[in-house]
Each structure stands twice: as C-alpha cells, then as structure tokens.
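We just call them A, B, C, D and E in the order they show up, numbering each chain from 1.
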Amino acid sequence: MTTSALSLGRIIRLTLLSLGAIVFLAPYLFMISTAGKAQSDIFTSSLSLIPEHFNYVQNFTKALSRVPMGMLLWNGVVVCGLIFFFQVLVAIPCAYAMAKLRFRAARMMMVLVMLGLLVPIHATALPIYVAFDRVSLLNSYAALVAPFTISVFAIFMFLQFFRAMPDDLIHAARLDGMSEVGIVARVIVPNAWPAVTAFAIFSVVAHWNDLFWPLVVISKQDYATPPLGLMYFRAAEAGDDYGALMAATLTITLPLVAVFLLAQKRFVEGITMTGLKG
Amino acid sequence: MSALSLRGITKSFGGNLILKGVSLDAGPGEFIALVGPSGCGKSTLLRILAGLDYADQGEILIGGREMSAVAAANRNIAMVFQSYALYPHLTASENIAVPLAMRRLSRVQRLPFVGSLIPGQRAIRAGIAHDAKEMAKSLKIDHLLDRKPGQMSGGQRQRVALARAMVRHPSVFLMDEPLSNLDANLRVHARGEIVELHRRAGVPTVYVTHDQAEALSMADRVAVMIGGNLLQLASPQAIYDDPAHIEVARFVGQPRINLLPAIAEAGIVTFGGIRLTLKNMTQPKARVTVAIRPEFVHISKSRHDGLPAHIERIEFLGSEVILHCRLDAIGETVIVKLSPAEAAGLATGAPVGLQLLPERAMVFAEDGPRLGSVVAAADAKREKTHG
Amino acid sequence: MSALSLRGITKSFGGNLILKGVSLDAGPGEFIALVGPSGCGKSTLLRILAGLDYADQGEILIGGREMSAVAAANRNIAMVFQSYALYPHLTASENIAVPLAMRRLSRVQRLPFVGSLIPGQRAIRAGIAHDAKEMAKSLKIDHLLDRKPGQMSGGQRQRVALARAMVRHPSVFLMDEPLSNLDANLRVHARGEIVELHRRAGVPTVYVTHDQAEALSMADRVAVMIGGNLLQLASPQAIYDDPAHIEVARFVGQPRINLLPAIAEAGIVTFGGIRLTLKNMTQPKARVTVAIRPEFVHISKSRHDGLPAHIERIEFLGSEVILHCRLDAIGETVIVKLSPAEAAGLATGAPVGLQLLPERAMVFAEDGPRLGSVVAAADAKREKTHG
Amino acid sequence: MASVASIAMPRDPAVAHRCSEARIAWMLALPAIMLLFFFVLLPVVAVIILGFTDFELGYGQFRFVGFENYAHLITDRTFRKSLWNTSIYAAIVAPVSIFLGLAIAMLIESETTARSFFRTAYFLPVASLIVAMATVWQYMFHPTIGPLNALLSLAGLPGPNWLGSSGTVLYSLSIIGVWQSAGFNMVLFLAGLTAIPRELYAAAEVDGARSAVDRFFLVTWPMLGPTTLFVVTISITNAVKVFETVKTLTEGGPNKASEVLLFTIYQEGFVYLRVGYASAMTVVFLLILVVLMFLQYRLLDRRVHYT
Amino acid sequence: ETTLTVHYPMPGFFKDVMDTISKKFMEENPDIKIQFASPSATYEEGIQTILRQAGTSEMPDVTFVGLNRLRMLNERKVGVDLSQLVQKDGNMTEQGFSDTILKLAQVNGKQVGLAFATSNPIMYYNADLVKAAGGDPDNPPKTWDEVIALGGKIKALGNGVDGIDFRWQGDDWMFSALLFGAGGKMLNEDESKVAFNGPEGQRAVETLHRMVTEGGMPVFTKAAGEQAFAAGKVGFEFQTTGALRNTIKNVGSKFDLRTAKIPLIDPVNGRLPTGGNAVVILTQDEAKQDAAWTFAKFAAGPYGASVVVPGTGYVPNNELAAKSAEYLGDFYKQNPLFRAGLSQMPVMVPWYAFPGTNGVKVTQTIVDNLSRIVDGSAEPKDALDDAADEVQGMLPRS
C-alpha cells in the first residue's frame, strides 16, 4: 500500500488530480495574471497569461492606497475572530448537551437547528436590520458579529462529532469530579480540535467573504470589511479597474489561503479517539 | 452497618430486563469480585453504583447514606473502565493527576493561565505530580509518563487507567476488568499491587473480572451473576467447593466441572451405573444433575477399574494435562485433570476406567439449585456394560 | 517442502527494529502458536504474512511460491484480526458472508443494485447465506445473525470475526488472539471448534495468543517470540519442560517459573545453600540462574525439611493453591503450587521447608541461554542459616 | 424553560437524576437557544407576519392584506420561473458537487505526494470572494474573447454564449456552483475518510476484495454514511440558496432564464421594495426547504449507519 | 463646525471625483466637514440603502440618486424639497443652474435634487474595424440604417468580430434612447396609459431587431459587450457617455477609438434621455440642511462639473462650467472624444420615471421583453405588445 514507485494506477490518479487542479485553479491563474496587467492590456482578443508590461507594482499600490487595506484586513480579522469565537463558545455546550445528556427538548432543538440551517440571512435580514436600528447597533462590530454568533452549522457538525465520542470518557470525567461545564472545557473541547478546525475553515471563509450583511448594516467605512472595501474597484457600468480589483482580491484572499494551509494539516490528521479500546 | 449496599436494583434497556433485583452488601474494606458471563450486566451494575446510570428500582447506600440524589461527581467513587476511558489529549501523568487536581485545587486554581497566578497552587501541583509519579512507579509505567494514550500499547493504557483510579482516596473502588489486557506475568504483578492498595485504603471494592484465578485469589467474597440475578455471594472457597446453583458450578472452575444427567429417587441418585446416597433428600423421583470437578476424577489404565471410558482428546497445559474421556455407558464426556507425570503413557483412543470421588460429587435439581450433599457412594461399581 | 515459510523477516517502524530476522517453517496442516509479550511484534508478523504490510527484508513462501509480488487479496489467506475489524454497517451474517461473496460472486454480481439483476446470483447468495449460518451455529452465534457489531458484546463480536475467517477455504489461517474476549467456558468450546476446523482443512495455521493454555493445548509447535527474535520453536512439551532460553522459561508457565541467582564453577552450581552438578558444563566461574517450576517445589511444614522459608502469601485458585514463600537464606521468593488438600493447614507467616526437585531444575547463563542440564543434587542440604 | 426544574422532587431515583441532568442540559443549551430565538425564530416570525401585509420599504405604515400576497404568488410568472430554475440548478449542482467532492477526496486520500497542494488547489474556490471572482468568470465565459470559447474553437467547436443565452445561462451558473462547492464537500469527505479505521481495509483485502471498486462498496461508501448525509444536507440547502453568482453575473437574465428563488426574493424586497410580497415568497421558500429536508431525512437517515 | 455624511453610488466612476471635490470644498468651507458613507455599487443598491436607512440614525445627510429614481424618493417623501432653498437663493441662473438643468431633477414641479452628473447616450466606434469594413472613420454613419449596414460588414470580417453592441440590458434607458429618438413617449399625457407601443415604439424595437439580424449584434451581457469592445472585437458600441473615461483606459492603444452622436430615428423630433444622478439632501436638521445646500451647489456647480466631466465622460450639467475657459473651455478642444455628448445636450430630455410603486419593476419588464427580441425568441411587435400589456397592469389604478 505504500508503494512509492509510479504504478499505472498512480499515474492515472496523478494525471486526474493535476488536470482537475488546473481546471479549479484556472480562474486564479487569470486573476494573478490580470493583477499584473495594465488596464488596456486586460481585454484583448489574444489569450495571454503573462502580462505585456508588468504592472504588479502599480496595481498593488493602487489596491493598497486607494482603500485603507490595513484597516479593512484588521476589521476582517476582528469580525471573523469574534464570530468564530462566539460560534464555538455557544455551539459546543449546546451540541454536547444534545449529544450526551438526556433532556426532553433535544428533539425540539434538533428541529430548530435544522430550521436554522435552512434560513438564509437574506430572508431575515430586514427584521434583524430594523431591530438593530431600534437598539442603535448599526455600524458597529456588534452588528457585524451578533447575527452569526449562533451557527446552526456548527451545532450540527459538533453534534455529529460528539456522538462518536464514547460515553465512558465522559463518565470517567464525572467520576474524576468534573462538573458538566468542566467536562465541556477540559474533555470535550481539547478533543474536538479536528472538528473545531474544520469548522473554523468554513466559518472564517464564509464571513471573511460575506458581502451581503456588511452591506446592510455598515455605512461607515471604519467598520468596512474586505469585500466592502473591494466595492471601490467595482461599479455596475462600464470599465472597472480590473487590474487593481484583482490585486486587491489577491491581497484579501491570501490570508485565507494561509489560514487554510495552517489548519488543514491539523484537521485532516484525523479524528481518532485513541484513549480507548477497540 | 455495611459500607456499601445495594437493595433490589433492577434495570432494563428498552424492554429487556438486564438486572433483576440485585442486592449486595459489602463491609468496610471488603473486596468483592463480580463474575459472570459476558453480557450479564456486570458493567451495568457498576455504572449504576457509580451514579453514571440510574436504576429503575432499588436503592444504593454508601456508608449508610442514600445515594440516589447524589451526582456521580460527588459520590467520591473511583472506577477503572473496561474501555480505559483515558483522556486522549492528556499525557499519562496528566491523566493520573486529573482526579487529584479536581479535588486538591480550588475552582480558581484550576483555571488555565489565571490559575497559575494564584498563590499556593504551585506547591499543590507539585504534590499532585509527585503522587501521580509514585503511583505510576508501582504499576511500572513511570517511563511512560510523558506519552499520550495513542502512543501506548493496550496493556500500558490499562495500567494508566488503573493508576488514575488508584491514586485517589475514594470511598468505594470499582474496577471493570482492569487487567484483561496484560500478559500473564504483568497481570500477576498488578494483582499484587491492587491487593496491596486495597489493604492500605480499606474501602469496599467491587472488582469485575472474567479471569477466575483473579476472582478466586483476590476477593474476600465472590459474587456470581448470571442472567441478571446474583446467584451466589460467598467466599472463594465456598463458591468453588460448595456452589449453590448449577450455573455457578458450571461457570466457576477451569477446566469446566463435569455435569452428568441422573435420576434421583428417595435419596438415591443413579447415573451411568453409579448410585449415590444423598443427605436431606426427600423429594420424589426426579431428573437431577450430578457435578464433579475434573480434579476429583481419577483415571486408571484398566477400563475395569471404575467406569469404562475412552480417551477422546488430550490437552497439554504445561503443568497439567486435561483428558477428555467419553463414558462408554452413557456417551457423556468427562474431563479429567492430571499432572503430566500421571498422564504419561496415555494416548487418544485408549480405553480407561474412571473413578469419580463420590464425596466430591454434587447434585443439582433440574432447575438449578443444589440438592443436599452426597453422603456416600451407594454403589460405585457399574451395573451393566454396553457393547 | 514446507507449506509456509518465512526467511529472515525484518521490519522496523520509524527507526525501531521490531522484527529482527524471523525465520519460521510450517508443514502442511501444521498448527503453530505464536506467543510473546505484548508489543513484541506478533501482530506485525501476521500482517506481513498476510500482505497487509511489507517486510524490510526477508521472504515469504506459501506452498513454495514467493509472495512478495502478490497482493493481500490474492494470497487466499484467512485472518482473524486482534481488533476484530468487523464491518460495522453489516449484520453478523453479512459480515461472515463477505469473503464468500467475494469469491463466489462475479465482479458484476457483487455490485449493489445492478448485481441483483444478474441471473444466477440469487442461488449463489442463498448458498452463501447457508454456509454462513452453519458456521455461526458451530460458534453459537446463530441467534445474533441479524445484529450489527455495535449491538453485540465484545465476546460475540470476536466470534463473528472468527466465523468470518473460518467459513473460507484458505491456504493459510492466521489468527490474532481470536478468543481473548470470551469467558472461560466459551473459550474452551471455541478452541475445540478451531482445532476441529484446522484438522478438516489441513492448512498451516499461525495462531497468536497470550493465553498459554491455548498455546500449549492447541499447537503442534509453539513459537516464542521475545524482543523481535524467535527464541524457540518447538513442541509444547519441549517449550514447557525444556526451554532453550531463560526468557522462554520465564514467559511460559503459570504461575511463573522460580528463578534463583546462583554461581556456577566447574560444573557445580551453588545457590542458597544448594549445590547442583551440571552435565556438559565446562566454563569457568560465572553467575547463572537456576530455574524451577512451582510444581516441582515440595513443601514441608517443618522448616528443617529442605530450605527454610516463610509463607508470604497464599492464593486460592479453586483447584489449586499458590504459595509465595520467602527463602530465609537469600531473601528470594519461591512460588509453590499445591492442591487444596496439600495446602490445608498452611497459613501466612508460617515457617516451612522447601524441597526443590533437583532433576527438574534448569540452569541458564547470565545472558539467557540454557546451560546443559542438571544431573544431580550435589548437596541439597543447606550450608548455613541466617538469623 | 425553567418550569422543568420547578417540578417537585419526585421519589423515583431515576426520575430525579434525569431532572438534574435535564437542568444542566438546558443550562448548556440556553445561550444557543436564546440566540436561535433572537436571530432565527423571531425574524422568521416577523417575516411570516410581514407576508400578510403590503409593507413597502420607504413607506411608514402598512395594512394587513390576508392571503392576497399568496394568491398573487400563484399567478406570478417570475416566481414560477425562478422556482423551476432553482430546482434545475440544485438538481445539477448538488449531485455533481457531492460526487466530485467525493472523487477528489478519495484520489487525494490515496495519493502520497503533493497532498496539501491538491487539497489547497481544490479548496481555493471555497475561499474565494465571489464579488471578485464574478469578474473572472465573466471573462472566462466571454462568448468571443473568453478562454473557454477560445479553447473550444481550437478544437473546432462553436462556443456557446455561456452567460448571454437563455438556453445556457443556468448551466454556466451551475458550473460555477460546482466549482465553488466541490472543494467544500471534498474537505468534509476527507475528514470522513480519515475516520475510517485502516483495519477495515485490511480486513477487506484479506476477505478477497481485490479491486478498488469492491473495497469502495464494502468499506468506504457505507462508512462514509454520516458524512454523506451531512454533505447532502449542506449541498442541497446551499444549492437552493444560490444568490451571489446570479446577482453579480446575470441579474436573473436574460429574460429571467437565470432567475432563482433567493434572487427573486431579493429583487422583490430590496429592489422593487415590496417587502410584504417578498416575505410571502420567503415563507414559501422556507416551506419548500423544510419539506425537502424532512423528506431527505425520512429517506436517508435510517439507511445511514452510525458507528 | 458641521459634519456632513455623504453617500454616493458607483465608486468605480465617482470615487476620485468625490475625493477631489470634497477636498476642495473643505478648503473653501473650513467650517464644514465632509465624511463619506460606504458607497453603493450601483444606483439601485444606492437607493435601496437610502430607503432602508430612511428615518434611522444611519441615514446620510446627502446622497446622489439616479435621475430616474427621484420620483420614487418623492413618492416616499424621503429627502428635502429644495424648492424654497432655490427660491431663497434667487440667483440660481447666475450660478450656472439654468431652468433646463434644474428641471432635470424636478418631480411634479418639486425640486427633489440638483443634477450632479448628466449623460446622454453616444456612439463609440472602432475606427480600425470601420475602415477595414470599408467605412470612413472620419465620417461615421449618421442614421441607424448606415450603422446597421456597416455593422453587418464588420461582422462579415469574421475572426470573431461583431458589428454592434447596443446596451439594452440593465434598465430602460437605452430603450428610451431609441424611443425618444423616434419622437415617442413612454406613457400618455396624464400617465394613465402606455404609449411606448405606438408606431414610434415599433420603429424603435424594429431597429433593435435589425441590429441583431442585419447589424451583427450578438447577445451580450453588459460586461461582455464592454469587454469585447475594449478588446477590439466590436465595431460600434452604444451606451452612456459617462463610460467614456473608462473606455479610453480599457482600450488603451489597442485600436483607434472614436465617438460620435447616436443616430436618431426621427432626426427632427427625436430627443435623448438624460442619464446621471442628482445630489439629494436627506437631513432634517436645519443647520445641516444649510451646509448640505452649500455642498450640493458646489458639487453640482461649475467646479464640480469641471472635475466630473474629464474624470468620467459625463456632460457638464452647469452652463458656466461648459462655457467658461476657467473650467472646461479648453478641455473639449483638447479632447475631441468628449464632444459627442456635449453636442447632444440640446436634445436632452428627462429620463422618464414611471409613476407608482412599481416603477422599478416596469423597467425590468421592458428589459425582459427586449431580451426576447435580441435573442430572437419573439417577434419585435409581439414582445413590445407584451411589454405594454404587462406595464399597463403595473401602473397605478386611479
């Protein structure tokens, strides 16, 4: 199983994977190439990936100077960080209760969770917006973060994960004198890392890139998130500054890629509960 | 007053009655071994005792105090789980230290970061680490203290689980097959450690095992549970030599006791040409079972010396040899235990004569309970021979 | 030509040499028990044999054919995994049927949905189900056929795993502790089934176990592996009575063999006041170890009858009693095995005299190998006494 | 919620324990329940109420109009069209992205080299900002100067007018949808695959599962059951919730050929400002999703094996 | 000191312009501070944002609204009626705001805003392609017939080249360019009946249809058309002059870009719709309203225009700016491409805004039906009648 030689199967596999990767990466190749082109170079009839004049410096300078990129990135980090923190803080105890404790509302919770999974923020944006206005929450980190502090996706995912955790582990913790909160903090959380990491990827990606909600609640630039910042490069009518747009996109996508590279190792490492028998 | 007592515990899982009213009392410092076939409810009973599961009926008293309103975390019970249940993210030494930290450190001192700023916790932690290390040493796992469970073999994990339970000063010890994954030598050693710890701690201990040597050698009393009932709770000697029920006789003893169908009438038991006289036996004619342990069957190379039989199979077990012999008269197999010296010269297929020591035979009613004891062989000679 | 042979297998995991050149030959129909302490590489060796893992060096021949280029699926080996490795989503009967389905159904017939449309598969499937059921019956799990592994107890799962291996007609059987989770009675029964199947199938079998009774009673030859080396491969009798290495002597035998430090010089071994004469012993003065099994130590209630000692601990094991005695002279503990009758009247702390049967004593060099055999007790009387 | 705790202490020990356990469970779940209440339940109720009004953005007051909005929905050509389009889109994107995700995950899992490169490559689309990627896809799909059609013309094939023609626009959007979500599914499947005990594959080999196909059907597929159920749920809801690509690339056009539910709702609510009517649509949309999930769980959940 | 929060749409066009204007304004009015709210991507998103924020504390003080959405604002009573402010000032004409220009941002006689950037549709063409197809780039076609004929020839050049890109998508603006150009009207005088399906309307859709069938116009999305033109793959492009600056940038030196007047179906009575946006004051605070009025006049005034025009391509909405050399006088001499829009100013009429609550939906309906014509799935007349029917149903009942 650990043959390192190039067998036929392996060649086929590698070929398939590489071709697929090229297809999946194609838009990015275009993006990288465009980020280095002058505006007049971008739309030409000839297919060329390598820019005629290297305009990377100009485009990136524009991307960084035209919008306060540092502030945008910082806002993105703060918002995603807060959202993720609260999502995990809220979802883990809830999923634990649903998976490992007997209580009658568990079924009702499950229904709520499924419902939550189905309701897109677009559908409920207006009532939430009005409510936030009433309590003067608009234009704040709170407005960006609050509606997402509850992630039914997280509850759903942790639920699946916790169900697989053996009851005996929790029993042992109880006998060792831990309270239920203690069990969550000391046993569940440390062992839920793979699930938490996987969820982190989804959560951060979704909220880093979310444009819809910031557009609704944020009108002051102090709280603009990276996609909101990208708006400066986009317009409905003729001629966007595509080179700068792509440079800006690259700038805000790179942190995500870095996060994924860091996280993927940990969470693909596997979900193994090796404190146990068979 | 008993230190631990269970009264009429019943428990069912989805309609299946698993525990059918189990009652048990243990004195302070008593060591009780709980044995029984797989799936008979041993682990379930321990879990109920620990407060991890709830009985449908019955009550549990520890030190005379009713426990039903006390949460597991507050019962101060130490338990070794059949599945180890080690914390996968902690090293062996951290695993062992957990119950100590939970008890010796205050809520605030246990907090990460913040806790380490509280004065006094450093000394306590050092004490905990020291105790954990001592415990590990006595179970020969002190070289593994920095490993996580995933990096240990099954036997090593089991010892960490044992250490985690033994490091505490609980009011009751519960152990669920704590040595099953150790090899023979290690098992004997660990057995000694447990017995020693139990003697020092002097708290009631319930010890589940499927190793009879363990049960018989370690326990003050052995409880035999079969089919959800506690069939007998008595000293090892009594369990072995004087079982109260045929199931107990059948379950305890290695190799298995010989069971032979017989007819009892007016105090005389007849089977395969043998007649035994029973004390206190008054009932009318009935089918019974005669039981005799393999070490109480003697063998002779002459098939006329005792019951005629043939050797079916010979098992060599090192210090002893097990013979499987088929009785010519009734076709039943009788197991005989010999020393290698005694077995020299015997071969499969050879005809032999079996002598059952009548004073060691036991008689059981058809539905299981013991029927008085044998007084004497009414007639140990065969009455007729076949082919 | 041997049916199965391993030549110089070595294997290391991340720098640790686990198998240090293991060679082994099994005749057609030979039953080999592989024993050794936990972690010594038994499972690894089986996995290499099955083609599930690769040796670093060495070759494997089955029926004379080199196997290194043959995939596991094509070696036609049946294996019982230590961890059962049952398919959790399949019922017991489906689990048992898998290897049959893989062989009797064509590639297309095996496909889900599509397969059931192919003519002829229905009859084949019925045949498979029938065979699976028969196998289950013989292992007493036919009432569980519709349950999934998650709904079975450990012992039941193990029997399903066993049935899955036994239902086939492989060219080699590999079994990795297939009975470890069964209670004693069931274990004896299953042992019989395995032996029976092995006799019928007549294919070489390698059987890993940590139960010595199993190894000694079932195997034609026993292989003792310790620290990655095959220390001895011999008949059960030879392994027990005539171990080639001190580790083999220490590992095999329950209770453990007694090992006593001694000095050998010019064919005379001296320890604790005893002198033994050795055959074929020429080397100069050296430290050696004298080994004697607990059943060959006799006990007398008078401490002047033999070596003076005190009883430290008495273990009751049902049909036998184990005494732990400390020799007054050298402080070593000697284990003695008695029948309950012989042990009657002995109590902890009592002074006793021990007689070691000199003709059953064995002498090992300090680094392990056996040194000739004992001819006679040069002087079995004590030379001096302490306090 | 607190009423559970206030029941007088019952005599049955099992019941007493269950109550204290339930109390703790409630406590742990309470933050989640409250947030769910405030950010999901309450807004949904508000939407349901709005669905019975003629509320319009910018106007101060509104009237209750009963089922008028719903009556109107039945005859709304746009709504029916977008219902149909959404179904088609979901019917393409969900299965294809699930299958692709699984295939990629399995290929990567069985490969030893460049794993993290491939993982990242396939995951990148998940991490991409659709506002910006829209521009890129716009170009990729360009009928005359786009690379896709350039490639096709190299092969001598006439390139379709991907986003411009009402016949192909939905498929083009589906391609983007698959591109975006296959990586997401791949990551979930990868996690599922690593959780399968290696020993089972060993057992399968010994049992004679010679080909990869045999091993897939014997071990991989059934063991991935819970993961697959999860992925299916997520994929379907996400496909039905398609919005961003439509909004940024086609605005529902040409001639409503790419009109999808969420976009229609958005258009009614935020562009035509008819919040009442949009809310009624939202209610129908949610009902459809609920029914879909219910059916799915009915059909699939009992087949899945949970270890 | 007063701080004004200013919101605007389409940062792609206006960001630099707004920055320049506000900087200059703050220099001249040190007691007023301008701070920008997050801009909206499009006019539509802009108005949504404003309507959502109407009455909340988040509502900006000043915004810029598409000219065709002023009516909607007015109906919803969002924004300040500027009429009194205009009256109070008294000398609007002197400041360059002629009546015509004021009218652009009036609804039912009410001054809802001040036109800030105004546009009209023009013809962009690729002189290289025109030459290659046998046309004279210095003498561009003046009628639709000529355009369509030349477009057909350009398409016939092959090599993936298309003849025409007419920006019919998005909203009804370019349709009204054809309709008004034929002398037609959207609704009748009292706005109770649809009038765009009269003979003028039919000629308009017929023309659009012929662009497809004879003039070599493919079905482009908005962005695709623009990209293809910038790539040199389209002969003629018809769209707002506001896109001129960006088109120049996108084209670079790839081909010889020219502009010209857009043909009118009826050269005599034909008119053109005015695109663009107006600055609207939202704040209800008196003090802020004064500051906002000052800013509005500054932005829409000669200085503002002198920044907007070169920065985008919009035509000057202030007569002072257009005429005075201090502002734009020389600019047009040096930048002939910008002259096409300027020369069409006399025929500009307001961008028609439909009455009632369905205004936006009406435009969408028209576009949907146009797309049926362009992709050939409906006869022009049928599509036009369908559009008329549907729109009629969306008009206010009373």
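Convention: contacts are C-beta pairs under 8 Å (C-beta built on N, C-alpha and C of every residue); 3 or more make two chains touch, one makes a residue touch a chain.
As the structure is a prediction and not an experimental result, all values here were calculated from the model.
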Chain-contact steps, minimal, separating chain E from chain B
2
Need the most distant chain from chain B, centre defined as the mean of C-alpha atoms.
E
For this structure, which two chains have more C-beta pairs in contact than any other pair?
A-D
Let me have the rounded angstrom distance from the C-alpha centre of chain D over to the C-alpha centre of chain E, please.
39
Expressed in whole Å, how far the mean CA point of chain B lies from that of chain D is 55
State, to the nearest whole Å, the distance from the C-alpha centre of chain B to the C-alpha centre of chain C.
23
Residues of chain E whose C-beta touches two or more other chains:
44, 52, 160, 170, 227-228, 231, 233
Can you list the chain D residues in contact with two or more other chains?
18, 135, 139, 144-145, 307
Residues touching two or more other chains, restricted to chain A: which are they?
2, 43-45, 126, 231, 234, 240, 272, 278
Interface with chain A, chain E side, in the complex: residues 7, 10-13, 15, 36-45, 49, 52-53, 56-58, 60, 160, 170, 222, 226-228, 230-233, 239-240, 242-243, 245-247, 249-254
So in the complex, which bits of chain A are touching chain D?
2, 4, 10, 13-14, 16-17, 20-21, 24-28, 30-31, 34, 43-45, 47, 89-91, 93-94, 96-98, 101-106, 109, 112-120, 122-124, 126-128, 131, 146-147, 149-150, 152-153, 155-157, 160, 163-164, 180-181, 184, 194, 198, 201-202, 205, 208-209, 211-212, 226-227, 230-231, 234, 240, 242, 245-246, 248-249, 252-253, 256-257, 260-261, 264-265, 267-272
Which residues of chain C touch chain D in the complex?
47, 50-52, 71-74, 76-79, 81, 83, 85-90, 98-99, 102-103, 107, 110-112, 148, 150, 164
Within their complex, chain A touches chain E through residues 38-45, 66, 126, 129, 133, 136, 138-139, 215-216, 218-221, 224, 228, 231-241
Flag every residue of chain C that touches chain B in the complex, lowest number first.
37-39, 153-156, 180-186, 188, 210, 212-213, 216-217, 236-237, 240-241, 250-256, 293-295, 315-319, 322, 337, 339-340
